[in-house]
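These are the structures, in structure tokens.
First chain A sits with chain B, and in the next complex the same chain sits with chain C.
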Partner chain A sequence: MKSLAKHREVWLVVAIAALIALVATRFPGFARLGNLATVFNDTSILMILALGQMAVILTRSIDLSMAANLAFTGMAVAMLNSAVPDLPLPLLIVSALAIGLVLGSINGLLVWKLDIPSIVVTLGTLTIYRGATFVLSGGAWVNADQMSPAFINFQRASLLGLPVLSWIAILVIAAFWLVMTRTPLGRSIYAIGVNPTASVYAGIDVGRTKFVAFCISGMVAGLSGYLWVSRYVIASVEVANGYELSIIAACVIGGISIAGGIGSVAGAVLGALFLGIIQSALPVINVSPFWQMAISGSAIILAVLLNARGEREQGRIILKKAEAA
Partner chain B sequence: MSDAVHSPRTIPDRLDNPLRSAVLSWEALLVIVAVAIFVINSFASPYFLNAWSLSDLTFNFTEKALIALAMALLIITGEIDLSVAAIIALASTLMGMAVQAGIDTPGLVAIGILVGLGCGAFNGAMVTGLGLPSIVVTIGTMSLFRGISYIILGDQAYKGYPADFAFFGQGYVWWVVSFELVLFLVAALIYGFLLHRTSFGRRIFAIGNNPVATQFSGVRVGRIKFILFCLTGLMAGIASVLITSRLGSTRPSIAQGYELEVITMVVLGGVSILGGAGSIPGVVLAAFIMGLVTFGLGLLNVPGIVMSIFIGLLLIVVIALPIVWNRFRMQR
Partner chain C sequence: MHTTAPKAELKAPPPANAAPLLALSGVSKSFPGVRALHNVSLSLYPGQVTALIGENGAGKSTLVKILTGIYQPDSGEISVGGEPVHLTSAHKAFEHGITAIHQETVLFDDLSVAENIFLGHAPRTRFGTIDWKTMRANAREVLDTMHAGHIDADARLRDLGIANKHLVAVARAMSIDARIVIMDEPTAALSAKEIEELFLLIEFLKSEGKAILFISHKFDEIFRIADRYTVFRDGEMVGEGLLADATQSAIVKMMVGRAVDHIFPEREPNIGAPVLAVSDLSHPTEFDGISFELHKGEILGFYGLVGAGRSELMQAIFGITRTSRGAISLDGKALHPKSAADAIEAGIVYVPEERGRQGVVTGMPIFKNASLPSLQRTSKSGVLRLKEEFDLARRYTGRLDLRASSLSQDVGTLSGGNQQKVVIAKWLATRPKVIILDEPTKGIDIGSKAAVHGFMAELVAEGLSVIMVSSELPEILGMSDRVVVMREGHIAAIYDNKNLDAETLVQTAAGIAA
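Up next is the complex of A and B:
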């Protein structure tokens, strides 16, 4: 099973390499290391969000409210920054994490304590958080001239040749890898996705673990809220509208099973990178950006076709063992 | 999505007193909510209680509610279709192309409906033929269908629909009764009959409760699901004709976000997102409630985005209330 899982990520790497090679035949500069670093930086926020979504999907849930959470948190920190420009940046980042955590924990509590299906809860909070962003801002934008230079420039600062934004993404990836593979929490998240009933008997609190997963995705969305707003230097109600589906698409392309329990940190990162490369490659090879949506749609369908084949083979192997025994 | 670990389904050995179960039913709760919102609306705005206002109100939801009827059946079997809004966009775009080619109204309607049916069949084939999870397939086709509209249209728009095409989205059958409303009510009757009075409907509930047992009972689960995906696509095609006719133009961003409103309607109508339970009267009531809320708030000059807070809260509160209430009763 482990080698099979590795297999999927290997294929994704091959697909990404082929994609880069294909673009490079038309425009050689695309495969230059410097450009690839730029693509990585451009995809950082999507990668961070996809990792948070992965934690939730692994527990057989889904978080449709991430983009709305991002918009609300982004607006909140931008308004905080423009109201109190002297507030130190670390405090702003902590408050972004905290606001995101609160919004995520609301989802988690409704799923945990009331047993409402996550798709219903987050469908509701998606519209509530987006609406709350409007109420908070009164529909007004926060523009570049209202943000402090530190707020805007922090993620653009270069550290060892890479922008801080890329380093934040790398840090988040490392943290997720650590939590998912090296901690009891990570094991529990996988366990309740694979078999919730067995997990209960193994002493895992299924509801509580889901709650924690939603807190993680909320926190990550909050962090992305700050990163998004300071990257595009605008906070508005429309920020990241409909982005929740891109996040889920990245997870699906990365081989994370929507049925829970199957998926890896590498998969989520590679899935996001795949979408990011398509996005940055299209203008380079002179394809109208209007093609992007249809291409990522086809990629999702293709990915789920390949995923399903892998998952079905696993099922067959288990059956055969049961028959033999 | 959610685990059914804590709440095994139970089948009672005898039914409740019919009157008692009617009073305590989900539909009764929805009627109370609808009446309450209606009364609040009529006090809140002097313009509300007026035949033309009430007629305008129905335009808020009829198109989405048409799709919700078919979506309810699909969700009862445990599947979902997130691509309905994208189907509207693609069907509308192809109708726009047909207009440029000089095709007249009957042809346009046929194209809209057939494109919807075709998209639904594509979803159904992916889900039932290849055994893929519907939520992922339809997230994919949602991008694909709307993506094709973007490829065709880019930042342009199609206009110039024939004058008699406007009837479907703007016409009235009698006095203030619009064509859209009549179409919706007729469709609701058909779907209600199909779900609650035919063996096909019984099979839909059976699939939602236990697809494996249903399969072994000799029901062709895959075929029924395929038919329901086709029906959902068909309704999206019909909705596309209505919206295109009402707006008189097509942009690739048409009907953006409708899928979530349609699903909200279905869930608010008492259909279990886990499958196996739900009713058409519930969905119809939920459609009216959503129409009342958005129209009432609109009369009070509340912006659309703030309305969405109320819709979201309504969804969560209406779902949470019976759960909290049941828990409260069990503790006593």
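Up next is the complex of A and C:
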């Protein structure tokens, strides 16, 4: 199974390379290192969000409220920034993380304590968080001229040749890699996704672990809220509307199984990059928006098909054992 | 269909020389490492109930799966009504008129009674749509015939009790004109009154000339309803005949008398002070007033029929099932485990019965499975140390003689016996005081069984205490220092394992006066 998962990520790398090569035949500049760095930077927010979603999906849950959480947190920090321009940026970033964490923990508590399916909980909170964004802002926008220069320019600053936004994404990827592969929490997240019953017997609190996963996804959604509004220099109720689907698509393309327990940090990052490349490369070579969508959609179905194959084979192994028992 | 009163006196006496409706001969079936059935025969006669009797693992479920077309036998012949048949699929078995009514009947909760009865063969209108009117009328007719007119054909199945669901399952069998009805532990979840109704129904099926295979652990039911018996032991048919000529003790002897298939380890029991004390532990529905003590260095066997409450009791001691009353103490200190983590922390671990569902995490490598309950110990400042995990896995799986190419191998690719070794290793790694093993050798090959037994002997020699829940008599008699027999959620007796014989245990577990 592990070799299969590896195989899936290798397949993604090949697909991404092929996509870049294809675009490069029409537009050689695309494959230049500088341009690829730009694509990476453009995809940073999606990668961060996909990693948070991955933590939730691995536990057999889903977080549909990430984009709404992003919009609310983005609006909150933008309003805070415009109201108190002297507030230091680190404090704003910490409050973005904290607001996102609170919204994520509401999802987590509902899933844990009331045992409501996560798809229902987050479908509800998606609407509530959007509505709350409207109530908070009264429907008004926060524009560039209301934001402090530090707020806007931080992620654009260059550090060792890369924008700070890219470095933040790299930092988040590293943190997720550490948590998912090297901590008891990450191990528990995988274990409850693969076999919740056996995990209970092993002394893992399944509900609490799911709660923590939702807190993680909330926190990265909050962080992305700040990154998003400072990148596009606007905070409105409509920010990232419908973006939850892109986040989930990135995870699915990256080989993260909707059934839980299967998926990796590399997969989520590659899935997001694949989507990012399609969105940035195809317009360059004059592919119509319809074909962009069709290609993204086909990639999703292809990925699910490959995953389903893998899982079905695994099922057959289990059956053989069940027969012998 | 005409109405027949389901009265016992209407039934014709079983004709001694009638031809069997269904006959199996020389049927064998093996799974990797396990011989489930060896050269068995079975005959079912029209209008008669044949009881299939045997311990767990005797091969009863494998036989049912062969008869219903789910498994294919490796060799042997099956004939229905004198004609040889090949039951290559569930559908084929169905076409030959074989139907099974399971403990958990396979019906559709959200469909109506009529739909359940006629699913797959519903009457059609001219236009090919379902003829609801005829279907309802036919359903009512079938139910009336069975004296089950109290069931509303339009009711949703979800709203019926288990006994009525059984009636619907039988009605379905009647509607497809099934000739052979297999009842696999049909009374397990029924109340006494519902069991009476089921027996009336069985009398009715007999009067309709159906051949019935009745599988039950309960001797009173078998002697009450069945005409014939067939006894299986370790996958072989060891006796059959008319129940009128048999006694309970003769059948128990057939069930348990066996050649020793493997030698249990010789032990010099060195039993110390009590470690675990359970007093008056009770659960609202599963067990009541359970008191016993487990001593240092002791193997305490728990024997009983399936559904006697043994696993539920162990899960309560392990903190997974809540209790309503009673106390647990470990080394003299009161213990109130609220979760498995609490119990593990205190030093009690539980190796669950269902290895696939509750034990291993397939898809994860062996070393990750082995370290799962010990993650706090194998990590430092919150970061897992892979070397520690490997060392821990190597140390404990090595003691159990695990056969695997490497510790990074997916646990799902191991054989059942080796999976069980990983599960036991995982629990030992938590360094427990008390280890509870629930059916530790169920469905694993002889070699792995011997390894697990040898290892249990080592553990108690080192001063651990073991509770072993087992339905396998040789294992209970071969390994235990004392044996607790449970029946219907109570402790029926506690025996010292000195000159204890299998018959005593079976009779105590089944509630038969010796």
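In this text, the second predicted complex is superposed on the first by the 314 of 325 C-alpha atoms of A that agree within 3 Å, B and C clash if a C-alpha of one lies under 4 Å from a C-alpha of the other, contacts with A are read in each partner's own complex, and residues count from 1 in each chain.
Throughout what follows, contacts are C-beta pairs under 8 Å (C-beta built on N, C-alpha and C of every residue); 3 or more make two chains touch, one makes a residue touch a chain.
Computed from a predicted model, the values in this text were never measured in an experiment.
Shared-chain residue A:A202: touches chain C; no touch with chain B. Once the two complexes are overlaid on the shared chain, A:V121 sits against chain B while remaining clear of chain C. Touched residues of chain A, counted separately for chain B and chain C, are more numerous for B. Residue overlap on chain A between the chain B contacts of one complex and the chain C contacts of the other covers 197, 200. Residues 60-62, 64, 110-111, 114-121, 123-128, 130-132, 134-135, 139, 192, 196-197, 200, 206, 237, 242, 245, 248-249, 252, 258-259, 288, 290-298, 300-301, 304-305, 308, 312 of chain A are the ones touching chain B in the complex. Within the complex formed with chain C, the chain A residues making contact are 1-2, 178, 181-184, 187-188, 190-191, 194-195, 197-205, 261-262, 314, 317-318, 320-325. Across the complex, chain A is touched by residues 31-34, 71, 318, 320, 339-341, 343-345, 350, 352, 355-365, 368, 371-373, 375-376, 379, 382-384, 408, 410, 412-413, 415-416, 419, 426, 442-443 of chain C. Listed in rising order, the residues of chain B touching chain A in the complex are 1-3, 5-7, 126, 130-133, 135-137, 139-148, 150-151, 153-155, 252, 256-257, 260, 263-264, 267, 273-274, 303, 305-309, 311-313, 315-316, 319-320, 323-324.
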